[in-house]
Amino acid sequence: MRFPGFARRLPWLVLASLALFPLLAPALGLEYYVGFVRRLLIVAIAASSLNFILGYGGMAALGHAGFIGVGAYAVVALVEAGFSSAWLAWGAALAVAGVFAALIGAVSLRTRGVYFIMITLAFAQMLYYLAVSLRTYGGDDGYGLYTPLRLGAWLDGAHPDVFYWVVLAIAALVFAGFSRVAHSRYGHALRGIRDNETRMVALGYPVYRLKLAGFVAAGAVAGLAGGLLASHNAFVSPSMMHWTQSALLLVMVMLGGLGRRWGAPLGVALWLTLEEVLKMHTDYWHWPLGMLLLLVVFHAPQGLAALFERRGGQEGVR
Amino acid sequence: MNAVPLLRCRGLEAGYGASRVLFGLDFDIRPGEVVALLGRNGMGKSTTIKTLVGGLRPQYGEILFDGRPIHAARADHIARLGVAIVPEGRQCFPNLTVREHLVAFAARRNGAAEPWTLARLYGLFPRLAERAGHMGNQLSGGEQQMLAIARALSTNPRLLILDEATEGLAPVIRDEIWRCLALLKAQGQTTLVVDKYVEKLLPLADRALILERGRIAWQGSSAALDARRELWSRYLGV
Amino acid sequence: MSLFMAVGLVKRFGGLLATDHVDLAVEQGEIHALIGPNGAGKSTLVNLISGLLPADAGRIVLDGVDLTGLAPHQRVRHGLARCFQITSVFRNDPVRDNLLLAVQAQAGSSFHCLRRREAETALMDAALALADKTGLAEVLDRPAGVLPHGMQKRLDLALALAARPRLLLLDEPMAGMGPEDSLQMIELIGRLRSETAILLIEHDMDAVFRLADRISVLVYGRVLTSGDAAHVKGHAEVQSVYLGTEAHA
Amino acid sequence: MDAIFVFEQLLNGLGYGLMLFLIAAGLTLVFGIMDTMNLAHGSLYMVGAYVAARVHEASGMFALAVLAAVCVTVAVAALLEVLVVRRLYRRDHLVQVLATFGIILIADDAVKAIWGVAPLMATTPAALAGPVQLVDGLPYPSYRLLLIGAGLLVALGLYLLVNRTRIGMLVRAGASNRQMAEFMGVRVGGVFAFVFALGAALAALAGALMAPISSVQIGMGEAILIPALVVIVIGGIGSIRGAFVAALLVGLVDTAGRAFLPPALRAVLPPSVAADLGPALAGIAMYVLMAAVLTLKPAGLFPARA
Amino acid sequence: ADIKVGIALDISGPFSALGAEARDGFELAIEKLGGKLGGQPAEFLRTDFGGSPEQANQLVARYLQRDKIDFFTGPIGSNAALAVGPALFAAKVPYLSSNPGPSAYAGDKCNPYFFAQYQNDTYDEAAGKVANEKGYENVVLIAPNYPAGKDHLNGFKRLYEGAVKDEIYTRLGQIDYAAEIAQIRAAKPDAVFFFLPGAMGINFVKQFVGGGLKDVPLIAPGFSADEDVIQAVGEPMIGLLNTAHWTHDLPGEANAAFVAAFRKKYDGRYPSVYAAMAYDTLMAMDAAVRDAGGKADDREALLKALKKPSFKSVRGDFAYGANNYPVQNYYLREVGKDADGRLTNKLVGTTLEKHQDAYVGACKM
């Protein structure tokens, strides 16, 4: 971009307009879209975490929806047990998903490439079938969260859109956090592993542990997104951890641009918006999305973010 | 010696993307000839070879093989005309066994009295016979080099091109390769050789080309080059 | 006691005994060359020592520390660094980033994730020093993948040097180099003698005879003989299985 | 539990395994050998099933239906190859996933537009509709015997093609290093197109043969994609033998899990726990198997590219 | 303003076949009603949500917040119904289910704004009764391994008096049933009761008959033996017994008119339960708006009108129980051929009369 100052200020501009949106929406008759944007932000959190391990770490996990589901069911479990604090529930979502990611990652990271794709998928499928048969939490029918979780103190009821701002704040933190980490020692090491793992071993890096740390962090953040999604939908069902959901998440990240700062949110925003709009107009709403994927593959192979970012602004894409 | 060149290059220019590496190369290789292509690192030897075999599309100029233009032809087409290459970096196929490397592309096309058969190739490199069932990526570096040479020979090429084919080989094996090339020459095999062991190469070659920054800085008979040591230090860093 | 000792190393690939009870010692300040026919097991031996391949039997001791059970990256921590037979650098990154990555591996934990690396001047200084030492200072901003071959090899060596090794394993550092680059490389390796002991694999006999204090000959996975250049040149079996006419060079 | 029952379940396991292999065969070829991740394989399978069902219904001739399915699907695949897949061979797996996922979306909508959303009827050919008595007291569906036979034939044919013929070598060479293969005179583009078409033909064959015992509907392709991928990955990508062994293994483990695990658990656990645990474990047997295999052998049972 | 009806269609995704049936029913009703409800101009919003409860949730949020709908209907799956309920109830929008009748909404989670067509397990209860009447002394039950599967089998057992030889739970989305069929063969039951919706049922019946168990009678709730399954499986379906609260040959004027119109509009195809219920749902809305005085915003009046349906239902007479789930008849159907040789369900007789679901006791409303 020709205006470096503008580029530096862009994140703040985006943040500010997102923060103002709920206040302006009623005047514009867009109330519904407050909820829509909220969901978009939550999915973007999950996508950012996938972008982190896939784009920077080269770990193509096809089971990310599994962690989202674990987070969501952690919330369900707490609600079922009588807890009602949102922070507790989301914290639990983060932690439990992190633990699952540690266990699954410890096994999966022994494999590479397509084997890694498939073993992460296998674990996610196990989680899916587990959730389907869990009677206490509704099994396939899902579990409704009939009373909203409490944010505590003055937050509840201060404004109908408090939850929106909370999500926005979390998303901003996650997003800034991942961008920050990408430029740290750890982020550089992760990219080194993506580009040449053997060399990294020979340089003395504890490659396995570094990858596992990234995988756990990403899994935990995906779990957090799952917890938020549970609150957002007031409903949790196994279908959110079906393998196609994992695939969709991958697709959105790649659509946006692997390993690019703006990749995940852009991909999520475009995909979900298109889905929303197309569905309203036709029953045949899948094929335009399919065409979009082909277009991106052949005409914007680095993803959409690459079209916007200044040349060389990429954060090391192969 | 036959007057019609087997390979003729005229005004050949090539490069990678925007950067030009070769500038107007003119040279011929006549049937039965062994030509040495010399030059320091990065002067364009491998690029020349890649362009000849269709791995790189020339930006200008023409290449004739046996009188037919091939500069616009696809690599596989050129290969089927009878050009075989031992590329820089061996490039063995990781998922083919040694034996498969030697039978998959085998062809008889140069009408030589004694064509390269599997048995003869194993005779040349007994090591490969011992490793016949190994995959391409389960070989030592030198074994891979032997395999790359044998693979090229298995097609019984009309023009054999060797790019640093003695790289990574034990001295005894290098000697073996030189002996083998001499034998091939005696049988009339046309060959283009790039190699850093100039002292070993020159006695074998009929003629030599020296590349300097993508241009032919000198060409002539190898005997002449042998005599002019100042060219060696100027162009070859020896 | 020697700086480095490999004792009874064994490696099998299926039915193939690639490393057959190899004993090897490298002394402090020594350049120890390892030569032998193709497929004798030299690269395998380096992989066993550096830990990229697990050994079936045997022990590895560096400076009195037993490294046998350690993972490859832990061995690097103990002073065992290596280069690769096929150049292995980060091709898309500039030379500077390559060096930074190598330096960073030694400079404390790589789990730091909040401080921007650009802000860490100590890392940068170390990387620049390394570039000076290996003659890469001019090309710091070029992507490693487009460097001339000789430069890439030098970068590969620089990456290994960042670990401040006590034993450096070099697998065919001269491969693919013309005479000029080879000379530079020989000179560079010679200069390293003061910093680290070196185990050198090379088929370029010129380089071997010029650099090596001691030469071991590996044949069919076993050490055939060990000694100085004259001993090896004069050894009849080495001549027939490996040196050929080079023995008289 | 008598011997016949155990034997029958064993047979079922093998039969299911061969069925899986039949489905996975084309995928092994394209993904395993050509190293191209084609998620749209399931869509080709679906097209094969739809065409076969329609032609069978209209003509009453099953052989004709299978033939038509193969021809139409190969034609579709050829078009797909020229328009899309050809440009994917050189790209990495993730890009292939992205593009072929796009093809799935398009294919599902196209099938919906052509044949509607209702599942289609695909009848078993009359001659094979009933069971045959294998041994006394063990009737076995004769159509399944046909599937078993087809699975075995395809396995053998593929094995020979890939490992014993020149074209197999050329494909593998082209897949691992396209430019070098071209330097060796291989028309990689042509060979790949041929193999892709062959993969499509196998997908169509599987679709046409599976149609009479399964549901012909949109989404049937995605449903079989995962088991097929599991089979290939357990076997070790690129190995026909691996895929074959893995298919049988998955078939046996899955069947054994369904047939013997619930009763076994009932014998050792309290009934309520067993009733919940048994089917749950049986349901994920395939995935557990895969995770276990990959934990012990990170590159599958028969790693083809060590 | 126009009366707005939000319809969630299942055109893609796991229930697409059933969703298409429902859509056809809705379309026919809209045509019949001339695009009006209770004589008032109405707008019928239709959107595909692909069978995913999360997407249904989204869709309902849009219907509520942007379109401000007055009625909601449409989803096929129980999970979607359970997902969208809370938002609708909070917004006081009547949700007339055109298909699922989850037990939660019949029992402790019942709500004045939810109206069902039937309770999920009542079909199975009727099937259990059929098994008694046929004199089957022992049966094997089979269903997918998820809570709904267990609910259905429990529903069957509620009225069944014989012995259950085995209960088999299969994987959701299973393709191959050879192992289960072998188990059934070994158990030698008098009959087999199965609840396997969609593709699973199609696969199962085909393989069951191919496996030589043609002589073992199959009983199923109507969902597993409706037009979609019959047309997909073909001949092997003949003789299959199933239960439902409606069939296309049920006597009655309203039904005859509906079936005739449907067959005319959709080239001779018989309507399924899903189509009939979709049709009936809009008829119920029409009558309720009329009874409430042509207005939908007076929700009190509307609910009252909905609760006392004044239209002629295609299923015949029915009344709502305390939980807004109907008290109605259930019929036995058998798959056979009609006069033109077309495979379809035929009415055999009435199994349960004025039957109420088992959960109504838990409803405090």
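As written, the chains take the letters A, B, C, D and E, and residue 1 is the first residue of each chain.
Assume a contact is a pair of C-beta atoms (placed from the backbone, for glycine too) under 8 Å apart; a residue touches a chain by one contact, two chains touch by 3 or more.
The UniProt protein names, listed by chain, are A = Branched-chain amino acid ABC transporter permease; B, C = ABC transporter; D = ABC transporter permease.
Note that the coordinates shown come from a computational prediction; the quantities given were computed from them, not determined experimentally.
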Query raised in the report: Can you list every chain in contact with both subunit A and subunit B?
Result: C, D
Query raised in the report: If you take the mean of the Cα atoms for each chain, which one ends up farthest from subunit C?
Result: E
**Report entry** Selected pair, greater C-beta contact count between D-E and A-C
**Finding:** D-E
Report summary line: Averaging C-alpha coordinates per chain, one finds the centres of subunit B and subunit E separated by a number of Å equal to 76
Report task. Provide the C-alpha centroid distance between subunit B and subunit C, rounded to the nearest whole angstrom. Result -> 30
Query raised in the report: Hey, how far is the Cα centre of subunit C from the one of subunit D, in Å?
Result: 47
Query raised in the report: CA centre of subunit A versus CA centre of subunit E: separation in Å?
Result: 36
Requested in this report: Could you check subunit B for residues that touch two or more other chains and list them?
Outcome: 138
Requested in this report: Going through subunit E residue by residue, note those that touch at least 2 other chains and give them in order.
Outcome: 11-12, 145, 171-172
Requested in this report: Check each residue of subunit D and list the ones that touch at least two other chains.
Outcome: 108, 112, 279-280, 283
Query raised in the report: When you check every pair of chains, which ones turn out to touch?
Result: A-C, A-D, A-E, B-C, B-D, D-E
Report summary line: Interface with subunit E, subunit A side, in the complex: residues 31-32, 35-36, 39, 129, 132-133, 135, 138-142, 144, 146, 229, 233-235, 237, 239-240, 276, 279-280, 283, 285-286
Requested in this report: Over in the complex, which subunit D residues touch subunit E? Could you list them?
Outcome: 5, 8-9, 12-13, 15-16, 19, 108, 112, 116-124, 129-131, 139-141, 143-144, 212-220, 223-224, 227, 254-255, 258-259, 262, 275, 278-280, 282-283
Query - Partner subunit B, residues of subunit D touching it in the complex - result: 166, 169-170, 172-173, 175-177, 179-188, 238, 304-306
**Report entry** Residue ranges of subunit D in contact with subunit A within the complex
**Finding:** 37, 84, 87-88, 91-95, 97-99, 101-106, 108-110, 112-113, 222, 226, 229-230, 233, 237, 276, 279-280, 283-284, 287-288, 290-291, 294-295, 298-300
Report task. Quick one: which bits of subunit E touch subunit A in the complex? Just the residue numbers, please. Result -> 9, 11-12, 47-49, 52-54, 57-58, 61-62, 65-66, 78-79, 82-83, 85-87, 102, 104, 109, 145-148, 150, 171-172
